[in-house]
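Next up, some structures in C-alpha cells.
What follows is a pair of complexes built around chain A, which joins chain B in one and chain C in the other.
Up next, the complex of A and B:
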C-alpha cells in the first residue's frame, strides 16, 4: 500500500481523540456560561423592583435634558478636554526615557535599565486611573492638577510600551547604512530610527488622547477636576435632568474628539 | 602604497562559524574588484570588515595607509565617512525624500544639528542634485524613497554613497534584489561611476555573468578562503566551476 493511502486511511483530520477533546471543551464552556447566567442574571437581579415597561419609561423621562443647565457645564467640559490634553502630553514626555530603557535593542543596560523600564510600564498599566487620582488628591488637594497627574501616570505605560515595541521592530538596514556613512549615534537615531518609529508613535499618542478624554470625564467623582464633579453633584441631589444634559454634553465631546483624532490619524499615516 | 591592503583577515562569529580564513587582498590601483562566491562564502563579512560594521577577529585592514582596526570610535566614524557603502536591500530611509536620503550620506561630516534641522550647506545640496542627475533620479528628488521602484531605489543608494566623496566603494550584492535587466543597468552604472571617480570598488556578486562583464579583477571566495584572484580577462571557466562545486 502506498504511503499516501496509509495516511488517508488513518484520516489525520478526524482523529477520534482530537474530536472527543474538542467536544468536551465546548461542553465545559457551555456549562460555565449557563452557570454564570443563572448566578448573576437570574438569582441576583431583583426583577420585581424593575417594574413594567411603563415604569421604565417613566424613570427614563427623569433624564430628559435640562438645556438651561448647559451653559454651566461648558467650562467643566473644557476643563475635561484640557486635562486629557495635558495629561497625555505629560505622559508622552515621561514615556520617552521609559521607552528608551524598555526597548531591548537600545536599552543602556540589559540587567539594570531594562527591568526598571519594564517595571514602570507594568506599574502604570496595572493601576486604575481612579486609584492614581485618589493618591494625588490626597497629596495635592482637589482640582484638575491631580487629575492631570493621574492621567499621565495611567497612560505613561501604554505610550512607553508601544513606543518601546516600535523601537524593537525597526528595520536594521537604514541604521547600518547611517553607521557605514560615519554618522554619530545621535544622527543615526534621528535619521534611521525616528522616521521608522514616528507613524506608530503618533498613532498611539492620538489613541491615548482619545482614551484620556474618557478617563478625564470620571476623575471628578473623586475630586480630581473636570465634568465628573458636576456629574456626581447632580446625581447625589437627584437632579436627573441635569445628569441628562451632562451625558449629552459628554457624548458630544467624545464624538467630536474621535472625529478629530480620526482625521489627524488619516493625515499622518 | 596600496590603496587597500588586507592581511590575514580572519573572522569567527560568536557561534564558532569561521566566516573568513586568513584573507589577503591588495588593491593598488582604482579598479573594479568582483568578489565572487556562493551565499555564505564570506563576501558580505569581508566587505563589512573593511569599515568594521563587523569587527574582525584578527588580521589588519589598511586604507590609504591608515590601520582601520586601530581607530577609536570617533576616528572610525571619520574614516567611514570616506568609505561609500551600497547594500543589497538599498537600506534607504523610506519615509524621507530622495534628496534627504542622498544628503544623509554627508552625516559623517555634517554637524548633527544641521542634519536635524535639514540645514545642509548650500554647496552640499548643489552637489547632491548634480549626483542625482548623474545617476538618473533628478526627476524624483522630492518623492519619498518608498515611492520608487527597486532600480531607482538602488540609484538613490549609489547617490548617497557618492555624496561621501568616497576613497573606496564597498558594494554588497547590489543587484540581488533587482530583476536581471535592471540589475545589469545598475551594475554598469556602478562600474562607470567608480571609474569616473577614480576610486576602487569592491563589489560582491554571486552571478558569474555580472562579474565577468563589469569587473577588472575577480576574487573567488569559498568557505571564507580565497581560491583564486585574477584579472577578469584571465579567469578561466574551470576556476569559476570550482566556486560552484560545493553547490553541485
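Up next, the complex of A and C:
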C-alpha cells in the first residue's frame, strides 16, 4: 500500500469506514467508466479504417477555409441572426401568459391553470429544438418560418420558468395594496408584479437570445433555414473547404453576439 | 429636506419628455427592423394565418398516437443504453478537460496571462460557438459513424458549457485566500489546490451534474447525424415518413430527459 493511502486511511479526524467506503465508490465509478470506454469506444470504432495521425491530419487539411465562399454565407448568417431574434420575441410573447399561469402566488386557479403552465414549461424544456423543427418543417415546408417557431417553442420554457420563479419571489406589499384597491388580476400582474420582475426578466431574455443564436445555426440541418442549411449542403457535397469557412463565420457571429449580450446585460443588471 | 421648486420640476419634466421621445424613436426603429426582417427572411405572410391550423392538423392526424410498441423494440432499447453511455463518457472526459481549462481561463488566478489564458479562452469559445450537433457532423468525417464521434462531440459540448461556467465561478472567488496561500511561498499548482478548489468545489459539483444533464439532452439527438445513440432511429423513421413511430421515439426521449432532469435535481439538492 502506498504511503499516501496509509496516511489517508489513518486520518484521525475521519471514521476509517467512511474513508474505505469513499475509495470503494471511486473505484466502482472508474470501473463503470472503463467498461463504458470498452463498450462504446474500443469495440465500436473501426480502428483500421480510422488510420493513423497522418490520415487524420490529411482529413483536417480538407477543412482549410475557402475565403472566396465567404460572401455567399453572409446572407445565411444574417438570416440565422434574424431567426434567433424573431424566435426569442415570439417566445417572450408566448411565455408571458405561461409564466402568469405557472407562478404559484398569482396563478388564477391552483388546480387548473397552474398544472397547465407547468406542463407547458416541462414539455418545451425537455424537447430538443431539432424535434420541434422536424414537426414544423413537415407541417409548413422548408424555410425560416418553421425555424422561428421551433426556437420559440424551445425557449418558451426557459423564459417562462425563470419569469415564474422571479414572480414567486416578488414582494407581496404592492400586490396586496392593489388587491385592496379592487384591481383585477390582470391589473395586479401588469402594475404590481411586472415592475418588480423586469430586471431579471430582461437579463433572461437577452441570455435566451444568445442561446437561440446558437440553436438557430443548427436548425438548417433539418431544412429550417439559416446557416445550418448551407452547412448541410456543403457537408453532403463534400466541399469541406466551404465547411471550414462556414464554421469560422459562425464562430465570429456567435462571439460577436455574446460580446454584445454581455455588454447589454452588464448595463441592465 | 429640499423643496421641489418650479424650476427643478420643469427640469425633471423636460428630461422625462426627452427620455420618452427616445423610447418612442427606438420603438419605431425596432418596428421598422422587424418589418424589414420579415421581408428579408422571405416569410410567406399569407400562410401565417392558417399556420396553427396546419400544425394542429399535422399533430393530431399524422403524429398521434405515438407508436410505443415500435419504440420498445430491443434494438432501440439497446440504443438507449448507448445514449446513456455516450453522455456519461462525454461528460466525464469533458469535465476532466474542462477543469484545467477553467483554471487557465479565469483571469484572476490563471498561471500565465500572456499564453495560457488566451489559449484556454480560445478553446472554450470555439467549443461553445459551434453547436454539438455540428461538432458531431464534423467529427463523423474524421472518425467514422458510431458513438465515438458522438462522445467527442459531447466532450466539446462540455468544454464549451461547463468550462465557461466553471471559469466564471473561479473569477468570482475571494482573492484574499489566494494571496494568503501565495504569501507562504506556494507555487501556482498549490494555489489552485489549496486556495481556488476549496472555494469553488460545491459550485463546480453542481455545474458538473447540471452539465451531464445538458449533455444527455444533446446525446439523444446526436444519432441524427450518425454519431451513435437513439437519434439514428428517429432519422430513419422520419426519412420513411413513419411519423407515429418517430413520435414513439420522441416520447422515449422526452421521458428519458425528464428522468435525467429529476435525477440531476435530486443530486444537486443533496449536494447543497
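By definition in this document, the second predicted complex is superposed on the first by the 224 of 269 C-alpha atoms of A that agree within 3 Å, B and C clash if a C-alpha of one lies under 4 Å from a C-alpha of the other, contacts with A are read in each partner's own complex, and residues count from 1 in each chain.
One rule holds in what follows: a contact is a pair of C-beta atoms (placed from the backbone, for glycine too) under 8 Å apart; a residue touches a chain by one contact, two chains touch by 3 or more.
Keep in mind it's a predicted model, so treat the numbers as computed, not measured.
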- Task: Check whether A:260 is in contact with chain B, with chain C, with both or with neither, and answer first, second, both or neither.
- Result: neither
Taking the superposition on A as described, I'd like to know which of chain B and chain C A:45 touches: first, second, both or neither. second
**Message:** For A:20, using the defined touch cut-off, is the partner it touches chain B, chain C, both, or neither? Pick first, second, both or neither.
**Reply:** neither
Open item on the list: According to the stated criteria, A:176 is in contact with first (chain B), second (chain C), both, or neither; which is it?
Closed with: first
Requested in this report: Using the superposition on chain A described above, determine whether A:184 touches chain B (first), chain C (second), both, or neither.
Outcome: first
A:196 contacts which: chain B (first), chain C (second), both, neither? first
Comparing chain B and chain C in the superposed model, the one touching more of chain A is C
- Where does A:74 make contact in the superposed view: on chain B (first), on chain C (second), on both, or on neither? neither
Name the contact category of A:139: first (chain B only), second (chain C only), both, or neither.
second
Chain A positions within both the chain B interface and the chain C interface are none
The residues of chain A that touch chain C in their complex are 32-33, 36-37, 39-41, 44-46, 49-50, 56, 59-60, 63, 78-79, 82-83, 85-86, 89, 122-123, 125-128, 130-131, 134-136, 138-140, 143-145, 148-149, 214-215, 217-218, 221, 225, 228, 231-232, 235, 240, 243, 247, 250-251, 253-255
Within the complex, chain A is touched by chain B residues 51, 53, 76-83, 85, 87, 89-96, 104-109, 112, 115-116, 157, 160, 164, 170
Within the complex, chain B is touched by chain A residues 173-174, 176-184, 186-187, 190-192, 195-196, 198-199
The chain C residues in contact with chain A across the complex are 34, 37, 40-44, 47-48, 51, 54-55, 57-59, 62-63, 82, 85-86, 88-89, 92, 125-126, 128-131, 133-134, 137-138, 141-144, 146-148, 151, 217-218, 220-221, 224-225, 228, 234, 238, 243, 246, 250, 253-254, 257-258, 261
